[in-house]
Structure formats: C-alpha cells, structure tokens
C-alpha cells in the first residue's frame, strides 16, 4: 500500500471514530473533541491524496487544509464559549433530551 | 455569458464585500450598530439590484477572482437562480433589519452582537449564492453556519443555548461531510470549479460517494425529514429576527447548494436518488404539519411549519420536470418571505403578551391588528391559497405532477395544504377569543409590526407577478439544464 | 537493497504513526477523565503534525502544531476548568445500537473503496500552480495559493475567525474588573522570568515565520498562532490589557487583518482589475502587507478567544 | 570518527530518555516523577542535540539545534516548576515509602 | 375604459374596505360614508356596464399570471346577472348591517371583511377563466371566516372551523381539478358551450373525474347533499352575515360555479355526452328534498331558514343539470330569485332577534301584530319560496318544471311538487303562528324604538327586497327582468 493511501485510509478511520464519538457520547466537551478528530480525519484525506503527484506535493489541498484548520479552531472556540454558557445556565454538560433524540 | 472584467463596478463582488465591511464597522462602533447596520443593509440591497440589472443586460455572469480563472483561481458565478436567491435575501434582510431596530430596544436578548453577526451571515449567504467553486462554498457554508449558531445563542435562554449547541453540532457535521465530498471530487478530477467539474464528472465510485455525502450534508443542514430534529428547538428559541432569518434564508442556502451540486456538478449521476428525496419530502410535509398542529407554543408551531414546508422543496427532485423546478424555486422564494413575516409576527405577539401560548393569545386579532394581518397573509401563502407566492409554487408543482399522471405527489400537496390551513387557523381562531386570565400587554414597536406586514405583503405580491421571477430563473441556471420547457 | 530497506522502514514508520494516531484519537474520546482526554487530544495533534511532515506538508504541520494542537488544546483546557462540573466518569454514552455499527462499518467500507478507486498517480493542480508561480509575487507555493490564487477563500476565512470572536464576545459576560479576579492568581517568579524571556523570542519567531512565508513554509497563520501563544502566556501570567486599550483600539486590532485584506482586495480593482488581482510588480509587497495585518489580528483574536471574556474598559464599566 | 562519536552521544541521550520514561511510570509521586522527566529532558536532549550537531551540514543548523535545546530546557524548567507548585497547592501527598503514593496521577 | 370598468367595479368595494380597516372604531360617520358610497358607486358602475353590454360593448381586463395563464375579468351575460344581484343586495345589506351592528364592538374589522367579501363575490362573478374564479373563490372563503367568527365565542370559533374544514377541503379538490384540466386542455377560459369537446376521445375518464372534482369543490359552498354540514352551523354569525352567506355570496358562488362549469367549461351537450349531468340532477333533487325535510324539524328560525337554503340553492344545480334550455332558464333565474327571497327572510329573522329577542319559531306567536311590516315582508318571502304565483319563486319553478318535461325528465316534476309541499309545510305554520295566534304577554328581550316597530335601517331593507321579489315576478316579461336576462343567457348556450 502506498503512503498516500495509508494516510488517507487512516483519515477515513479518524472520521468514523469522530462520528462515532459525536453520536455516542453525551458530554458536550467530548462531542467537541469528536468533531475535531473527525475534522482532522477529513484534513488527512485531503492532504494525503495530494501526495500522489510525485516529487512535490500538490499545494492546493495544503492551502485548503490550513484554511480548514483555522475554520475548525474558530468553530471550536465558538462551541466552547457556548458550552460554558450552557453549562452555567443549566448546570449540565449534556443536552437535555440526549437520551431519546437521535 | 459575459466575463465581467473591465466593468468599473463588479457588483457581484460588492454584494459580498458590502455586508462584510458593514459587519466590521458595526463591530468597531457598536454604539452606532443600528445606523451602520441599516445603512449596510440598504447598500447591499442596492448592490443586489444593480447586479440584477447587470444580469438582465448581459446574461449569466462569471467573474474570476484574482484574474486567475478556473481551475487555479476561484470563480464567482451568477445566473437567474443565484439572482433570485440574492434578491430574496436582500428583501428579507432589509425587512429583518428594520424589524431588529424595534426588537432589540425592548428585548432582554443581547443586542450588541446582532448587527455584526447578522451582516457576517449575510456575507456568507451572498457569498454562497454566487460561489462557483465547491471549496469556496465550504467556507461560505461555515461562515453561514457559525453565524447562525451565534445568532441563535443571542437569546441566551436555556432553550436557546441548548438549541444553538445542537444546531452547531449538526452544522459542523454537515460541513465536514460536505468537505469529504470536496476532497474526493478534487482528488478525482483535479479541480473544485463547479463548471469544470460539471464537464468532467463521470460515473465512478468516488463520484457516487461524494454525491452521497454532499447530499446527506445538505439534507442535514436543510433539515429534511428525518434529519429535522435540530431545527424546531433552534428556530423557536432564537430571538424573533433571527428565527426569521434562519427559517427564511439559512435553510434555503443549503437547499440552493444542493440544487447547484445536483444539476451543475452531478447532473450525470444524480438522477437515481431523486425519488428518495421526493419521498422524504412528502413525509416531511405530513410529519412536520402534524407536529405543527400539535404544538401549544406559537414559535414552535411556526418552526415545525418550516419543517413541513421544506418538504415541498424536495418534491421536484422526484418530479423531474422544468415546471417542477420552477415550482420548487418559487416555493423557496415564497416561503422565505412568508415565513420571515410569520416569525416576525410571532415575535410581536411574544413581545406583546410576554408568552406565546397559543390557547392564551387573548384577542390579538383586535389588539395587534397589523401583526395579525401579517400573520394571516403569510399563512395564506403557506397554505398555498391564491393569490400568493405559495399558490403559484403549488400550482407549478401540481401542474408538473398531474401532467405526468403522478398522482401521489398531488395528493401529498393537497394534504399538506390542508394541514397548513389547519395549523394556521388554529392560531387565528384563538387570536379572536379572550383568554381566561387577561394579561398586561407591552407596547410593540411600529417597526416590528410594519416590517412583518411588508414582508407578508411581498409574499402575496409574489403571487401576482410570477412571470418576472420565472423569466429571471430562465437566465442560465440548472432549470434550463434539465430539459427544454414543454 | 538499501533503498528498499529505507522504503520498508519508512512504511513501518508510517504504519506506526497511523496506528498511534488512531489509538490516541480513540483514547482521547474514551478517556474516563476529561482532562486526560484533552491531554491525549493534544498529543494526537502533535502526532498528527508529524504525519503532516511525512506527507510533505510542513505548512500544515506548523499550523496543526500551533493551532490544531496548541491553541485548541489550550482552549479546551481552559473551558474544562470553567464547566459546572468536570466529572464525566464513566463517560455518559448512549447504548450504541447495532444499526450504528452497521452504518459506520458500511460508511468506512464505502469511503475506503472510493478512496482506493482513485488513480494512484494524480497531478492535481501541482503543475498549474508551478507554472503560475512566477506571477504570484511569492516563491512558496502554499503561500501563493493561500494569498493569491485562492486568496478569496482566505479572505472569507479571516471573516470566519472574526465571526468566532464576535460570537464569543456576544455570548460571554464582560470580564469582572481586573483586580477582582487576579487576586486568586499568584504567579510564581520563575514563570514570570520565563515569560519575560519568551515573549520577545516568540514575537521574533512570529516575525520570522511571517517573513519566511514568502519563500518557505510559514506564513500568516503560523506566525499568528505563535503570537497568540505569546498572548496566552501573557494571560496566564496575569497580564491584562490596559483599560484604555480595551475599547476601540483592541477592536481595531481585531478587525485589522480582515479589513486590510478587504482593503487591498478592493483597492486593486481601482485600475479595472479583478478583486484580489494584484499588480505583478507589487504583488509580493501587498501579500506581505496583508499577511502582516493578518498575523497581528490572528494572534490577538486567538488570544482573546482563549481569555473567553470581553476585556472590560477599566473599573468604571 | 565523527560519525561514531555522534552515534555514541545519541545512544547516551537515548539511555537518559529511557530512564526518564521508566521513572515517569514507576516513581511514586508527582515530585519524583517530575525529577525523572526533567532529567531526561535536559540531559538526554542535551546529548541528543550534541550528537545531531555533529551531523549538521552547516553551522546555522547546528546553532538552531542548540537553540532548541535551550528553549526546551527553559520550557521544561518552567513547566516543571508550575506542575510542582500546583501539586503543592492542592496538597498532593509526598510518598514516604515505595508504595504510598500509588494509584493517583 | 373597457378594461378599467371591471377593475373599478372590484375597486369600488375593495378600496373602501381597506380604508375601513384603518379607521378607528369611533369614526362611525366616515365608515358609513365609505360603505354606502362604495355600494352606490358600485351600483352605478354596474349599471354603466350593463348598459354597455346591452349596447354590444365587451368589458375585459387581463393580468398575466404565469406563462400561458392570465387572470381575466370579463363581463358576459351570466357574469352581469350575478354582478347586478350582488351589488344591489350589497347596498341593501350594508344599510341593514349598519343598523344591526350599531353599538357592537369591532365594526371596522367587520365592515372591512364585509367589503372584501363582496369584492370576492363580484370577482367570482366577473371571472373570465377558472383560475381567476379559483382565486376569488378562495378569497371569499378567507374573507368570510372573520365574519363568522366575529362574535368570538367558543361556538362561533367552532362554527368557523367547521366552515373552513369544508370550504378549504373543497378548495383543494377544486385546485386539483383545475390544474388537471389545465394540463389536459391548456386553457381555462370560459367559453360558451365549453372548451373541451375536442378532448373527449382520449380523456373521457379523466374529464369525468375532473368534473366530479370541480362539482365537489363548488358543491361545498353550494351546500349540495353530503357537503352541506357547515351551513346550519354558520348561523352563529350576525344576521347580516347570514343574509350575505345564504343569499348572495357564499352559496351563490358555489351554485354559480356549477353553472359555469356545466355551461362554459364542459358545455351542456358535452357534459351530457359524458353522462355527467344525470347524477348531478339526482344529487340536486335529493338535496332539495333532504333540505326541506330537515327544515321541518328545526325550531330555531335561522336554522330552519338555513336548511331551506340547502334545499333552494339546489334548484339552480337542478336546472343546470337537466340539460335543456328552458330548465336552464329556470335554474339561472333562481340564482336571482332565491337571493331576493332568502335575504328578505334572513333580514326579518334578524329583526325579530334584534328587536324582540326572538330566535325560536315557538316564540313567534302573534308577532305579526307587534311587527306588521317585518312580518309582511317575511310573508312575501315565504310565499315566494313556496312558489305562489306571481311571486319570484313561482317563475323559477314553472320554468324548471316546463324544462324538465321538455327534456323528457318527468320525475323532476314530482320533486318540485314534493319540495313545494314541504316548503309550505315548514313556512305556513310560521305564518299562521305569527298572524293568527295570540301574542305572548312579553317578548324574550324587547327593545323599544318609539313609535316604529324597529329601527328604520332594519326595516327598510327587508321591505325593499320583498317588494323586489314581488316585482321580478310581476314584471318577468319586461326587457331587463332577470327572467329575460336568463333567457338570453340560455340562448347563448343552447342556440346554435
């Protein structure tokens, strides 16, 4: 198996791990972690496959991923602020009806 | 098609930059937020109108940002469909801006963030509507999603924070799914330009998986049944102007994106999935309406009504005719105006009585006549009764269904219309009666009443001037891709 | 023979790296203690940075290490300390139904299959980028893509960052007046000494990264995040923005990056050029100008996001 | 000649790291663990960097490596001090005998 | 000018209506002026239009709606008949309503919707194609709702809900039918003798189903048999509204729609060739008898009148369904005649309720002596309904019977006879009680109006309409009588 493929598949694995965590865990901080891991998986797919071009990798996906990382940190920051507010307002760290909604 | 180079004022750029600049100004001078926000809204409206005339003159516009052109650079693209979406956003946007002037004066919700966040959201919307590049679409999608979440959270109630949290997760999950699709497409075809992809895409595993992921992402974001669970809490708990924006525009943006992908990128492979979307749409109509009917809170009712109405948008995927497409797009427009008006009216009622329990509306028909008129006019459009935009949309969809003897869809639409009538009149009926315990009323700003009415009237007028939007829609765009008009 | 050995060894390294990544991700999610989970997540980010290096993506590696692992980690940790209760032990989870597993496995299979079905060799846009490098004003391809070819994406991305900050501010209560909360914080003299040594160094590094971005890995985001790290350090040492700077000067600093980007992007249109179509002669300078402003704003924004509060404008407010 | 010296230096560095890791895992309380860790960082990394400097192509690279060492030492010292202080503040017990402090992080 | 006139006719009630909405409650004078002014102006405009049509002018206004589809207003003979009826009765009802609602709250809202209601009715009348018809038909539904719910009691709310369930469901069926028809025919313009004859071979089943859909859609408002449930319940509305619902606007819009569908969409001949008219005739006949029987058992005066309406409106459908020119004349002319008579009866019932608090027939003993004018008008209306010559109802029944014989449908005669007997059976006891029984010692809730039996604004309208219903019967042979107009309309449909 070639290196790009290996990493790309690892990216798929991370995506699914993240997805699993997002769905299964109730604690909101874990959900945020899960989303970040999922995001990293997507970035890994994007960059790994850019390695298929031979000597010098395709820079466009690299730029996209840098954009993606900044977007991800923005989203995470927003999520965390929201979480702090939510936690302060409700005294809970999970969504109310997390037991019965999908 | 014109290359919009050398044009002294490329309006397609300004419809994005103006709200962005406005947002920064509002952030810099929060005390002047209202003035700056309103000025920006008007300026953006003017820019959109200018772009409209440019489009009428020269047809479809393609604009290479940085002068590079695809595949290296990013292209902006505007055809009739994008233009309609831009106009819709501008109209609703100005309406909501006016509404917000009154709303935040009395509301306990945090007003400081509203203007910059809303203008950034507008930037995202306009950027999304004119994007010609799937990665750029991802960035606009995030701009849109995050600002929407932040706006919901402005209400700062427990419900709103929870709703915003859930909305955020859904939004991010959707974006990531979409991004996987982008990664697959880029690595399969070496470009992210929509027009180029459209010519390159062929049937292969990567394309199919990308299609599947992107479609699911967009369904999630546009809350198609059964992925609608996040919408009612978020839309119902947000501050009223935000609810209006979310229901009117934000869910439509992801629908628009789906439309673009469906026709401009995946036109060769997407058709098999259409029936599934249609069936889900039909289920959404019934399920959303029934749940709307069962609500006891006005804003939740309106939010579930959005779930139901969004179902109609997906019927054209199964009906597959140009007429149905026109109907679908018309539905987007009329629902945007009507639902914005309805949420604004609901906000007025909430501000007026301090609650939104439907059974205790307590003579609002007499006490808030303008608001109630707005609510009813919007309701007329939602029910699809003439003369309203909703009627035209329904007419087109019915025409498409019946001319191909597809009876099931017609029946669904009729049931949907009747259920819509049922939940609208549930509210209207209680608006006439007196509550057991009359409550003291707060004054409602005239800005709030009249802007709601203005949008509702627009929703009605949309039913009387259907040929303008339809002619505009015929300029380029996916609808002409399907097949020539009959 | 030797080459094959190296090849095999490298593959083994890759495999090890990949497995470590997956394990760290899993542990981080499943850790009984959230604090541990976050620390493992930071470790995950650092290993991921190594993976980026292995994939010849040093720019991404820098960004990941600084932003992905560093700042995100810091944000996570500071959030954890503010939560109503940080106990989630054992992790509350819904029962994972068979359906979910079926779904995940199917998704994995489908995605994996799609990826494997892609051609083994693909140029992407590498050649196109290479052929236009001469017109880009910079020598480093990633910077060229970020700031020139796809500069519009970056412009919007700056807006996203600004958005996050505005959102955070609109959600967060204003900071309590400075003295009130600093009481609790006693900063050891060693840390202060370290702080005094590191801050100038970090600013220097940021400047270097910014400058080097034109022709080597580095650039505004990496530089900005180093700057942000300096800011975080300052915050940890109890430094607060002076009241008189906390008003519009701070806000100006925060929007500066986006504003400069928009200004330059629009200003080049005066001559009839397209948005962001830099004149060739001054492209390099304009890009550096944008990047400098962006670095400053990114650093400030990320640090402000870390502080999680709107700085108060002195004791009066 | 230089090669062998470099290998030897790196090996020594590795030994320190292994010892440090072992200490981190086996020592009974926060303070002793910190001791093991910082030892590995400072001395082990020192040897490692020295070994690598011998392999460097240019003086710049060598100096950069040296800089890394200095920075890591600074960070290690600062971080170690912070951890120890935090532990003291929270009154983490100091292990009296080999078994006392087992079982907490 | 010819395009503007139909629009002006609409505007003459729409604009006052919109202004009235904006008026404050206490601006009584302005409201009255607008109401009456609008009604008079409309009457004048309609008069001009009738004169013009008589001179051979055509009036038509078009507004593009969708590609290939436009909203059209046009004044053909049938339209004019209905327009004249509506505008005359609007004027009368307005006067009555002003008197009736003198001190009640929310008059601005009431009169606003009242005007909208009339606008929709006139729009229905003037519609030049099915989509325009549909538009005004639904508008009528919506503008009637607030009138029914006006009193805002729980009963009113439920009655209004029932009304909506029926009418909106009907509207939905109608919409499907219209769209389907459009997909088949490509046009929706009303054309004498229909526009579908070319399609029969390949689409006869579809066309039959569409016919059922359309008739069901209109049948809801016309209260044809299984779809009549809303009408008696809607009696909770104030008397002028009942009058309007029963005599002019709502039920007539339905009946008018049936006439339009049979004459100008399908064409009598074509509809008959699809065997669609016989079932309709039977249904109408059944409704006639059923309504009359139900009316017998009602003690509530307004409910008895309501069931009477159910019965009487179906004469129109019956006349249309018999498929002969003479019966068609009977049906069409009944559109006018029933309107005049029934509005008289409802005005009178309103007067009784408003003046004496009488709601039940059992309370009406001797009321003729207390309110002679009102009861005289009531008597005229009732005799008309029974079909006593030379009143209006007689003319209708005469032509219906004649037409049935001419078309070889003798059974209809028996329906007419049976219905007339039943009419007599439920009206004559009322008249007997009112005129010949001894009056009660005191009325349930009496209000004093000085020397008059009641307020003149309440008394004038029923007397006027009663006289009109006498006049149209007596003067049936003059040029402008409804009968001659109906003859003219039928000739368009049946003469080659």
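Order of writing sets the labels: A, B, C, D and E. Residues in every chain begin at 1.
The definition used in the following text is that a contact is a pair of C-beta atoms (placed from the backbone, for glycine too) under 8 Å apart; a residue touches a chain by one contact, two chains touch by 3 or more.
Quick caveat, the model's predicted, so the values are computed rather than measured.
Annotation of subunit A and subunit B: jointly contacted by C, touch as defined at the top. Central chain (C-alpha centroid nearest the global protein C-alpha centroid): B.
Chain pair with the highest count of contacting C-beta pairs: A-C.
Taking each chain's centre as the mean of its C-alpha atoms, the one that lies farthest from the centre of subunit E is D.
Computed centre separation for the pair subunit A/subunit D is 32 angstrom, with centres defined by C-alpha atoms. Subunit A and subunit C have Cα centroids lying 14 Å from one another.
For the pair subunit B and subunit D, the distance between mean C-alpha positions equals 57 Å. Subunit B and subunit E have Cα centroids lying 43 Å from one another.
Residues of subunit B found to touch two or more other chains are 135, 139, 142, 146, 149-150, 153, 156, 180, 184, 186-187. Taken residue by residue, subunit C touches two or more other chains at 111, 115, 118, 122-125, 129, 149-150, 153, 157, 160, 163-164, 167, 171, whereas all remaining positions touch fewer.
Touching of two or more other chains is recorded for residues 15, 19, 45, 49-50, 52, 60-61, 64, 67, 71, 74-75, 78, 82-83, 85, 90 of subunit A. Pairwise, the chains that touch each other are A-B, A-C, B-C, B-E, C-D. The residues of subunit E lying in touch with subunit B in their complex are 21, 63-67, 71, 106, 109, 131, 134-135, 138-139, 141-142, 145-146, 149, 152-154, 157, 160-161, 164, 168-169, 171-173, 175-176, 179-180, 182-183. Per the touch definition, subunit A reaches subunit C in the complex via residues 2-10, 12-21, 23-27, 29-30, 32-34, 36-37, 40, 43-45, 47-54, 56-67, 69-78, 80-85, 87-88, 90-94, 98-99. Residues 15, 19, 22, 28, 31, 35, 38-39, 42, 45-46, 49-50, 52, 60-61, 64, 67-68, 71, 74-75, 78-79, 82-83, 85-86, 89-90, 95-96, 101-102 of subunit A are the ones touching subunit B in the complex.
Chain contact summary for the complex, subunit D toward subunit C: residues 71, 74-75, 77-78, 81-82, 85, 105.
Here subunit C touches subunit A in the complex through residues 10-11, 14-15, 18, 21-22, 25-26, 28-29, 34, 37-38, 41, 44-45, 48, 51-52, 54-57, 59-60, 63-64, 67-68, 71-72, 75-76, 79-80, 82-85, 88, 91-94, 96, 100, 104, 107-108, 111-112, 115-116, 118-126, 129-130, 141-142, 144-146, 149-150, 153-154, 157, 160-161, 163-165, 167-168, 171-172, 219, 221, 298, 302, 305, 308, going by the rule given at the top.
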